Each structure stands twice: as C-alpha cells, then as structure tokens.
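Chain naming follows the written order as A, B, C and D, and within any one chain the residues start at number 1.
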Amino acid sequence: MRRIRLGMVGGGQGAFIGGVHRMAARLDDRFELVAAALSSDPARAQASGRELGLNPARVYADFRAMALAEGARPDGIEAVAVVTPNHLHHAVACAFIDAGIHVICDKPLTRTLDEALDLVARVKQSGVLLGVTYTYSGYPMVRHARELVQSGVLGDVRVVQVEYAQDWLAQDLEQSGQKQALWRTDPALAGEGGCIGDIGTHAYHLACFVSGLAVSQLAADLSTFVAGRQVDDDAHVGLRFDNGARGHLWASQVAAGCQNALSLRVFGSQGSLSFRQEAPDELWFTPLGAPTQRLTRGGPGLSLAAAQATRIPGGHPEGYLEAFAQLYREMADQIHARQAGQTKVQALPDVQAGADGMHFVEAALRSHAQGGTWVALKA
Amino acid sequence: MRRIRLGMVGGGQGAFIGGVHRMAARLDDRFELVAAALSSDPARAQASGRELGLNPARVYADFRAMALAEGARPDGIEAVAVVTPNHLHHAVACAFIDAGIHVICDKPLTRTLDEALDLVARVKQSGVLLGVTYTYSGYPMVRHARELVQSGVLGDVRVVQVEYAQDWLAQDLEQSGQKQALWRTDPALAGEGGCIGDIGTHAYHLACFVSGLAVSQLAADLSTFVAGRQVDDDAHVGLRFDNGARGHLWASQVAAGCQNALSLRVFGSQGSLSFRQEAPDELWFTPLGAPTQRLTRGGPGLSLAAAQATRIPGGHPEGYLEAFAQLYREMADQIHARQAGQTKVQALPDVQAGADGMHFVEAALRSHAQGGTWVALKA
Amino acid sequence: MRRIRLGMVGGGQGAFIGGVHRMAARLDDRFELVAAALSSDPARAQASGRELGLNPARVYADFRAMALAEGARPDGIEAVAVVTPNHLHHAVACAFIDAGIHVICDKPLTRTLDEALDLVARVKQSGVLLGVTYTYSGYPMVRHARELVQSGVLGDVRVVQVEYAQDWLAQDLEQSGQKQALWRTDPALAGEGGCIGDIGTHAYHLACFVSGLAVSQLAADLSTFVAGRQVDDDAHVGLRFDNGARGHLWASQVAAGCQNALSLRVFGSQGSLSFRQEAPDELWFTPLGAPTQRLTRGGPGLSLAAAQATRIPGGHPEGYLEAFAQLYREMADQIHARQAGQTKVQALPDVQAGADGMHFVEAALRSHAQGGTWVALKA
Amino acid sequence: MRRIRLGMVGGGQGAFIGGVHRMAARLDDRFELVAAALSSDPARAQASGRELGLNPARVYADFRAMALAEGARPDGIEAVAVVTPNHLHHAVACAFIDAGIHVICDKPLTRTLDEALDLVARVKQSGVLLGVTYTYSGYPMVRHARELVQSGVLGDVRVVQVEYAQDWLAQDLEQSGQKQALWRTDPALAGEGGCIGDIGTHAYHLACFVSGLAVSQLAADLSTFVAGRQVDDDAHVGLRFDNGARGHLWASQVAAGCQNALSLRVFGSQGSLSFRQEAPDELWFTPLGAPTQRLTRGGPGLSLAAAQATRIPGGHPEGYLEAFAQLYREMADQIHARQAGQTKVQALPDVQAGADGMHFVEAALRSHAQGGTWVALKA
C-alpha cells in the first residue's frame, strides 16, 4: 500500500511526544515523513530535520509557511501531525485545514473550548479529516471492551470508574525548568485546566469510548497540592451519564507511586469489565454469577475489533506504541478511503471527540468555580 | 489468662455474623460463651443454644431478661456480643450497659444517628466498654498502614481513595426472601442508608483509621439500581478532609464480579500505600521516587503494631477471622485492664468510632437529599 | 456436637506448630484440649500447661506415662496431637496407638521410612485412626482443584509442576541457636532429608493429592548451599508419574524472597489449573482454547468438596488456620464415625499418605546418592 | 544517522517472523529494507516484494543469487535478516558471509550443532558480524536483571529457574497443515529438537544471559505428548552451573493456558530477582531480609543498561517489538562501528551465543537418549 506523505509541526530536539508520533507512524509503514516545522527557531528546526534525514528544503521554521508551501507542491504532504503544546493546536490545525491537508492532532484538541468548537466547524466545512490521538483508545483490549459493552453482555451499564494517576508532578518540577512540566503547568500554553486537561481528557475519552455513554452532568473538586503551581494537579470528578449510570473520574499528577496508572472499570446489570493501561494486553470480564475471565490479546474469544488492532500473537506483549500506531493506521485507511471518495467507519477519535474532551474540561472548571456543585456538561 | 465469660444476643440458626463472632472469640481462647439470647422465639433460642452446647438455663428468648439475669449472677457474663439486625443494637446495648456488662457491637453502631449519640453518652456515664467490630481495622497490614502514616514517611496526606464493592445485591435477592438481603434492604431494620450504612461505614472507618484524618465535608450521590429496592445500593461520596486532603469513597452492592472488594489507597507528599482486603497479608508502599515495595505480614520491616496483630509466620495466610479475632483479643485486654483499674490504649474501635460512622451515613443521606451537594459532616 | 477430648505431645513454651494445632483444633469447636505432655522437663511442662488452663493432674512430662494414664481414665483423651520434632513421632504414636487413642501427627510422618512402614502396620492392626497434617490439602481451593482433575475437565494429566520455596534458612540460622532451625537441620532429630523432608513432603503430597497420580520414578539433585549445614537445603526433583505424565518438584529453604511459596500447576490435555498457597482463596483454571478463569472460594461454580471446607463467604479471606482446622474437623468426623461403628470416606491424609511421603524422601536421598539418576520410588 | 541497507531471506506472504523482523528494523529507523528473497517461488517472491514496496529488480527467488548480486552492487545491502525455517539458516548465512554481508539470524542458529560450529568458524574468519535474535535479551528489564547479578547485589547465584510454556501445540495442529506447526515439528526442517530447540533455546539463553553463568551439566527428560508428533513437545531439563548453582528449565508447547509464558528467577545468597516475559516492564527484586521491590522500566533506580534499551517513559508499556528492535538497533550500532573500524561491546547475542544454544539442544537430546542421565554440556 502506498505510503502517505506526512508532515509534522512540533517535535524537535528535546520534545517528547513528537518522537512517539514518528515511531507510531513508522511502525505499520503507512506513512513517510517528508516535511516538518520542528521548531520555530530556524537553526534548531534544520538541526532537528537533519537528524531525521529530512530534505532541508522541506524543513520549515514557520508552520504557516509550511502549510502554504506543502499545499502547493504536487508531492506535498497529505497529512500533518500536530505535536506542539496545546496553545498552538488551533492555529496550526487551521493553517493545514485551509491548505486542504488532513490533520492528526495530539490531545487535548485545543487550549479552549471555543477553539475546539471552531475546529469542529472548520473540519465540517473543509472536508479534511482530523483525528485526535487519544492513544489509549487504540489498544486491542480497549476495542474489545467496547465491543463487549455494545454486544449487551454487560446488560445496562450502571457504574463507570475511571482514573488516571501519575506522580511526575508530585513536586514542583516546573521550578527546575523541565520542559514538559513547564508548559503543561502554564495556563497560557496548556489551558486553564492542568491535570484535568492533560490526562483527565484521556480518562474521560476512554470512559465514554468504552461505555458508549455520554456524560450529562458532572461535579468537580479540583486541587493544586504543590505550592506555587498555576493549575490543578489533582481532580476528583463525579459523573452522571445520560442513561442514569453513575461514575467517578480521578485524575492526578501527584499520586506518589503511579506512572501512567490509567484504569477503567464498567459495571453493568449482567457483568463487568476491568482494564489497566499498564497491563494493556489483558482485560478482565465477569459475567454476573460466573467466574471472572482473563481475556488476552491474541487469546481465545476475542472480537474482530480486537484482532484488527493486533500486530503480533498473544503472549508477546504489545504496548503503547502499537496503540498509537493503530490510530495512525486507521488515519491512513481513512485518508485512502477519502481519496478514493469512500467513507470508512472506524473507532478513530475525530474532531468531535476532541471537542467533547474540551467540553469536559470546561464543565469541570465551571463546577469547581461553583464550589464543586453538579453542572450540566454543556452549559 | 482467665477466659472472659461472654454472652451473645442474636446469631441463632440461619444467622450469619453470629457464627463469625463466635469463631473470632474462640480463636485466641480469651472468651468462653456461656449465655445467649439467640432468638426471640423460645424454642428456636433453645435449639440454637443446644447446638452450641450452652447450659439451657442460660439460654434466653428475651435480651432484657438476659441482661437482668446475667447481671445478677455471680458468674454472670462479663461481656455481650450484639449481633442482631441494626434496629436492635441500641436497645440491646442499653440493656447490657445498664446491667454493667461490656458490649461488643456489630456495625453500623445503630439504626439512626440519634441512637448512636445516645449510646456515646450512656457509655461515658456508665463506665462500661463498648467496642464496635469494624473488622477490617484488625488486619495486621492495616495496622501497619496506620503506623506508616503516623510515622510521617508518607508526608502530608493529599488523597485518600477507598472503595468497598460487592455484587450480592446486583439483582433483587430480597424478593426471594433471603434473610440477609431482606433485613439489610429494609429501612426499618437496617436504617435509612442501605449500602452506605452496611458497607460504606466500613470503608469510611478504614479510611479515617489509617489516614488519621477526619472528614469535614462530603458530597454523596446515592443510587438504587435494582427496581423496587427501598434503600440505596450504590454510593459515590466525595470527601474533603480536615487537613485539605481530598478523597472519594465508593460503596456498591451491585458491582458485578466483586465479592468483598474493599480497598484503600493513601497518597501523601512523600509516598503512598495501597491495601486490598481480599489480599490482606500484603501492603504496597511506595516512597516517592523509589520502587514500590511489597510489605507482607510477618515479613521484613514491619512495625510492632503489625506484629501484635499477627498469629502465625508470614507466608501462611491469615484472613478475616484473624482480623475479627484481633478485635476480640483487644476487647479482652481492655476488659482485663478495666477490671484491674487500668487504662489500655488500643486501636480497637470504640463507641465514638461507631458514632462517627453514623455521622457519615447521616451526612451522606443529607447531601443526597440536597442533590448531591457538599455538606458538613456534622450538620 | 460433642467435643472430643484431645491431648497433645510437644508444643510447650517456645514451640511453633503446637500453638497452630491448638488454634486449628479450637476453631470449629469440635475438640477440647484436656491433657498434654508439653515438655519432657516437668517444671516447663507444668508452666506450659498452666498457660493453657489445663488441669495440672493431666499435665505430663512423659508421653508414655500420659498414654497409660489417659488410656486408663474413663474421661481420658480420645485423640492425641503429636507435635514434637520428627524423631519422636514414631515412639509417641506407638504409645498412643497401643493405648487405643487416635493420633493426629504432624509431618513428615517419621524420621525414617522404616518407622513409617511400621506405623502403617500398627495402625492397620490396632483399629485406631492416624491422620497426618499435610495442611495444604485442607484448603478449599485445593479440594476444588482435586475435584476438577477427577471430573476429567483437564483431560489426561501431562505435566505437574510443584514447588515450595522459603528463605528462612538462606543463612546459617542454626548457628544462632534458633530452636526451629536447630532441630530441622539436625539429621538425628529431623531425618536424613532436610528441606526435602521438611517441605518437600508437603509439595509431594499436594502434587499427588490434587493430580490423583502416583510417582513411579524420580531423579533428585540435592544441594546444601549454606556452609556447615548437615542436611540439604535445596532440592530439584524430576518426577515421572505412573500414567506417563512428567513433572518437577523444587523445594528450597534458601530461596531469597520466598516465605511459604508453595505452588502447584497441573496441565492436562484439555486444560490446566494453578494454585498458590500464599493466595489460597483463588484457583486459576484454563480450559484449553478458552479464557483463563479465576475461581474463588465461595464464588460461582465451586464443587461441594470446596464448599464443605469453607467457613465464611467468599471475598473474606480464609487462610492457613482454616485449612489446618479443616483437617481437625475431618478427624473429628472420622472419630465420631469410628465410635459409631461407621466408615467415613474423606480427603484427610492418613497413615498411608504419611508413609508415601517417607518413600519420597527415601527415594530422593537414594537418587542423590547415585549422582541424581532416575530411580524407582519404591526401591 | 544513516540508515543501513537491509536485505531479507524468508518472510514472504504467510510467514510470521519475517514481518516481526521488519517492524523491529523499522521502529528505530536505522535500517531500510531494499532487497529480499522472500520466497523460492519467483511469482510469490515478486508478489511479496510488491507488498513491501521493494524495487522488483532487487526481489530474488534464490538467496545465493541475491547474495552475489547484492554483494556486487555499490548500493548493495549491508546486512541481511535470515528468517527462514531453521534448516536453511546455515546455507543462507554462509552465502552472505561469503559475500561480506553482515547477518542477523533468527534462532535457533542452525538445524544441527555441526552447522552452528561451522558458522562460528566462518564468522571468525570472515570479519562479518552475525547477530542472533534471542529476542527476550532485548528487554530493558532483562538488561537490568543482568546488571543486578553482575553488580553482586544478589551475592552468589545458587538457583536459576527458567521456563517457557506455550499451548499452541497442545493438539496435533500440524495435521491441519498450519504452516508454523508443520515446519516446527518436522525434524528435517526444524532439527531433531522440537520444543527444546524452538523455545528451549530461548529459555536457555535468557538464563545464561542474566545469570552470567554457564551450564556444565544437564539432565533432560523429553516427552512427546501429542500422538504422531515427530519431535518433543515438552522438556524438563535439570541444570548444573559451573559455579555450583543448580537450576531447572522447563519448556513446553502443550501447557494449556500458556501463551508465551517465559519466566526467569535467579536466587542468590543475598537476594533474588524474578522476570516474566508477559509483563516485561517489571522486574521483582528482593534483597535478602528486606521487602520485595517492583522495579519498572523507566522507574526509579534503574541502570544505564536498562535506560539504553528504553524508548518511551515508564508506565507506557513497551513490549516484544521494542525488545526485538533493540537487537536491531544494536546491530546497527555494531555495523556502524565495524565500518568505522571500531569495536563496540554490547549485549547483542552473537554467533557464539547461537552456538551455545545448539550445544544445549544437542546435550539435551544426548541426555534423553541415555534415559535422562546427567551429561556434560559439551560431549
């Protein structure tokens, strides 16, 4: 299958998530990175480009220039990965949407809800694709979990418990100048939500993605435990779903001992399931009144949805990069389908899923401002 | 050491927790069961007494008669175990307090907060001891967890996550006439709180017992998922502690796949710990920035508090009965000390801990009645 | 049910397993300890007896005197627990068998195979019962495992993996004078086998008990890793079963990090199971080609055999003492049946099971002496 | 860094491990696949090449022709991946060694020990590099385990337990014509050892790689449980190491419920470690007399060796492909160093490690032929 020509904005030397996107894009060999604006500093941009073996003529210091130039080339990029801090997502995405170039955007979709809603409208008008890398939705066992819920074997969903706990901000790392900590705790770059935006959105998306439910109301108790920090570093959020189910979301970046402890449990009237991101090749499923089963990627009884997100046989662990690669693979499929004038239905999170995450952040901030009362998700 | 003469109210044929109390009392050989009011039906009381090898003359059908008779005998009982449904706890406790007999009462302490506060006052005036069987506080690793928090190695507690999930009421078991389901879902017998009272109080006590913190505010979202049920069967409760820590308590009796899934996690500024009741011989401890340690009962590095609650060497599992027995052992020690005119400081939950649990239930019901808003623990 | 009058030989102050036997005997209230030879030192015997509240007249310093006296009393003991070091098991058992008193003997049955075979003959002639406390066979999930194999759902057993690893003898603890280490590493007291006898016999019994298979050949590689030790402290034993199945038994007392890490896995042509003694309330079962199931004590799908060994509902952990108590309970049932002229078929390990363990030890020593070659279990 | 021009022999449509090699080679972007002999059938070779986007002129049906042609091109491949069934490894490797092209060979190195020893000699003479993809040695936590042993914190190694259990051959899959089962159970294609060669060699390498020890003697009990199978499908192998340590290796392809259950435990006089391939981001470490620690990839306290094999932060799982990619990355480093006239010391398994594996297989077959007696590793 022909490789799609890919560009990247952000992800130069010293960045984190850009390298992950590149590995993810490379794993299934559906993309070829051919152009990039890796840094707004021209020298650094070129140095970063050299490391990646890029043609210097296609290394840019300005993303708008890149969008124009690449949009105009006959061999210009067909898709761009946006891996900058959050505050640039909107502007970068707009530039490439305007150039007719598909967009793969890191999460959260934007810095503000308004920006997100604007992108929804622009994507709709433009006809380009915009995928959001809610990475965890790419895991095979998450796909299977979603299938289990949809199949009805859990009965009516009653309770959803989701949490994402980290400890890398348990101390004031931003004071040390660490790059990731710096921008992620700066409202001007990350958005008004700290932890709630950075990882709360992941947890929120996972809960909705698997349960198939929408949140109608929430009540958020946000805390900033580290003195001097400008944003929340811990969030307890009560959830009420549209079908009457109840739930709770806990996101924390000060939870000592936790690396990326994202977990999801869904309890229905007929059964339950449990998933832990740090052990992503397994899913625990209990039919009410029967023993708990350990379902494994590549193991017996899995759905087509799981199989389609699987690269190697069971018992040989897959991980985060494969989940990430799955989103890239599906984006490639979408792009090929779009270019062929077809429509492809897939689990890949789209711009609407991105905007939903921003609704969540906005509602949590709103609830918190009101003392933690219950508020409607959409004001 | 001389065995203490023990009586029991409740716990006849078909009951559940009475047998547990008897095994717990027997394990350490500090008590001898010599009298009981096992049923209000005289024939059934005698039949139950015969099974236990009791002297028929000391088998009663009326607990008030028992209190009077035993209080008057020179060889009368020195303590009584109250293992009836909740609605009788207060009256039974009063009868024996009045007779100068020490009381071991199952949880929750009473059916209402008022009854609980009344017992606090009576115990204070009377000079008798009243212990509440918050069983889980008797586990050695819970004792060690408490020591760890008190020692300061966790730093300032920031987040407390506690949950107690069961699934035995996932369907309308009470409709089948099952005895335990019947009274535990009947507000007249159990109290206005269902799940929140039955197991929420356990979780609440454990969280406070280990963290050493008091809850100042809570916000409760109670649900009744099973149609026709008269009480809540699921409770999500946001917690605000007096030191500024945040937390969440989830109690559910409709969580498919859960038996007695009580777990507690405490996160501090310098470390964290995690305990699961279903694997009670281990405790996970993470000093911030160091590997997680698996601490085990009887293993290296444990405190005196843990050792004192341990019967057999590590690696040979202890369980629920030993935790329960620990409370009985400590009650025996207290009684001996009291009889010797001494005071003994122990972890054993007392009448105040019992009343605290009723404050929790009352506050949760109050918050829920107000739409799930934050309320003060004590109105 | 009437309590059986129990005596004990061994288990005085400073001993370990005697206290365990007493708790186990007490838990189900089927026995009453009324006589004992707790020490061969009269003063120490009386002091120990006082601690246990025994009638001084029935506290003995000589087990032979005890057997004669108790055998002659109308209210004499009906059964005796033998909890001395191994070298006394045979003589003590003989004394009580001769007095017509049932015997509950700790493992290994004797110090030598010849003693064991002699006991088999004496028990047969005498008509008394002799039970051996292979504790781990009393776990409900071990009972269920055995049922699963017998039911045929595993198909033909192909592979049995069993191991029992400890680390308490990883250093030369016996040099410190620690009592347990002292006698267990002294061939005159423990037998020629060290680790192979002390815990290898437990592992061996468990493997045979659950698989229902007999070992026909074995090959043993015994090591003594701690300098100066007189007996083996590590044993690797290849197993060939009579049905053609293969297996391996590893017993070690120098395995750093292991407390009582006894585990068993049985693989058949149609499925497998896995049990870990340190998590005894669960059993993992995999039907070939289907997801692994976590079976739990008190949970769905368990056999009557498991239920009969269960005291409290699932999710409230049971442990080692309950497993031990199960053997006592079954011994009580056997004694009552025998007294009533009935025969009761139970899983309780008998004198033959004890002798099988000694065959195992003897064969392992024989194989080792021959350089670790394969030898027949019975020479 | 310049990409190395890579070729591949084997791995056409329907193959398994070829695709894994390609993903592994691609992940770190150090290789570019430019030529291949994907099948000996010309049409199939071309079709497979087309799928991979290869230049048709560099798609070969004959590996010897490929070696000659590529060896002669100025832009010819610098390294070749050999991913055929075992019986071709020797001939393919020879062809490319003769052409001065570096070789990355799947395991086991060859079909026979003689072929392996021949390759050792040829590599020595030729100056080319030959790496063997003992995949599991590429895991970061395996690298860390090796460092721990080397650092001495475990003290003297006493016991090594290693096992690799699968169940995919629990039934006679080869009768169904399944391609992998077919050749792996055919001695003419796989070698005389079945399970012992296919996965026993992995376990053996891992045990030696981490412990730093060499096996001096072994005793093998090989079984063929599935009727009609031509090779062993289960192997129990006793191990004696050159320092006096003891161990056991179990490899099985009929172990119901096991996918790729490779695990390693190393017990020393001062501590122990435990690793499970199916949870490769964690390593359990117990210093004797202290609590067990859960070490995690990317977590606190890890060695440089672990860090160098790590791509993404801890808590975001890495897996099998990353371990595989690590070997490719190190091969790239080796090739660059060799081309620069330098020597680079790395953990990457070389031709000698490959030959060691064949010594193991030969010795196991020899021991088994002698009834399972102990034999020297090298006859």
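Basically, contacts are C-beta pairs under 8 Å (C-beta built on N, C-alpha and C of every residue); 3 or more make two chains touch, one makes a residue touch a chain.
All values reported here derive from a predicted model rather than from experimental measurement.
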item	value
Most distant chain from subunit B, judged by the mean position of its C-alpha atoms	D
Turning angle required so that subunit B lies on subunit C, C-alpha fit (0 to 180°, nearest 5)	180
Distance between chain centroids, defined by C-alpha means - subunit B, subunit C (Å)	35
Whole-Å gap between the CA centroids of subunit A and subunit B	43
Intercentroid distance (Cα basis), subunit D paired with subunit B, Å	55
Residues of subunit A whose C-beta touches two or more other chains	258, 292, 296, 299
List of subunit A residues in touch with subunit B within their complex	154, 158-159, 161, 167, 170-171, 219, 221, 223, 225, 234, 236, 238, 240, 244, 246-248, 250, 252, 254-258, 267-272, 274, 284, 286-288, 292, 371-374
In the complex, subunit B residues that touch subunit C	3, 16, 20, 22-23, 26-27, 29, 53, 166, 258-261, 277-281, 296, 298-299, 311-322
Residues of subunit A touching subunit C in the complex	285, 289-296, 299-301
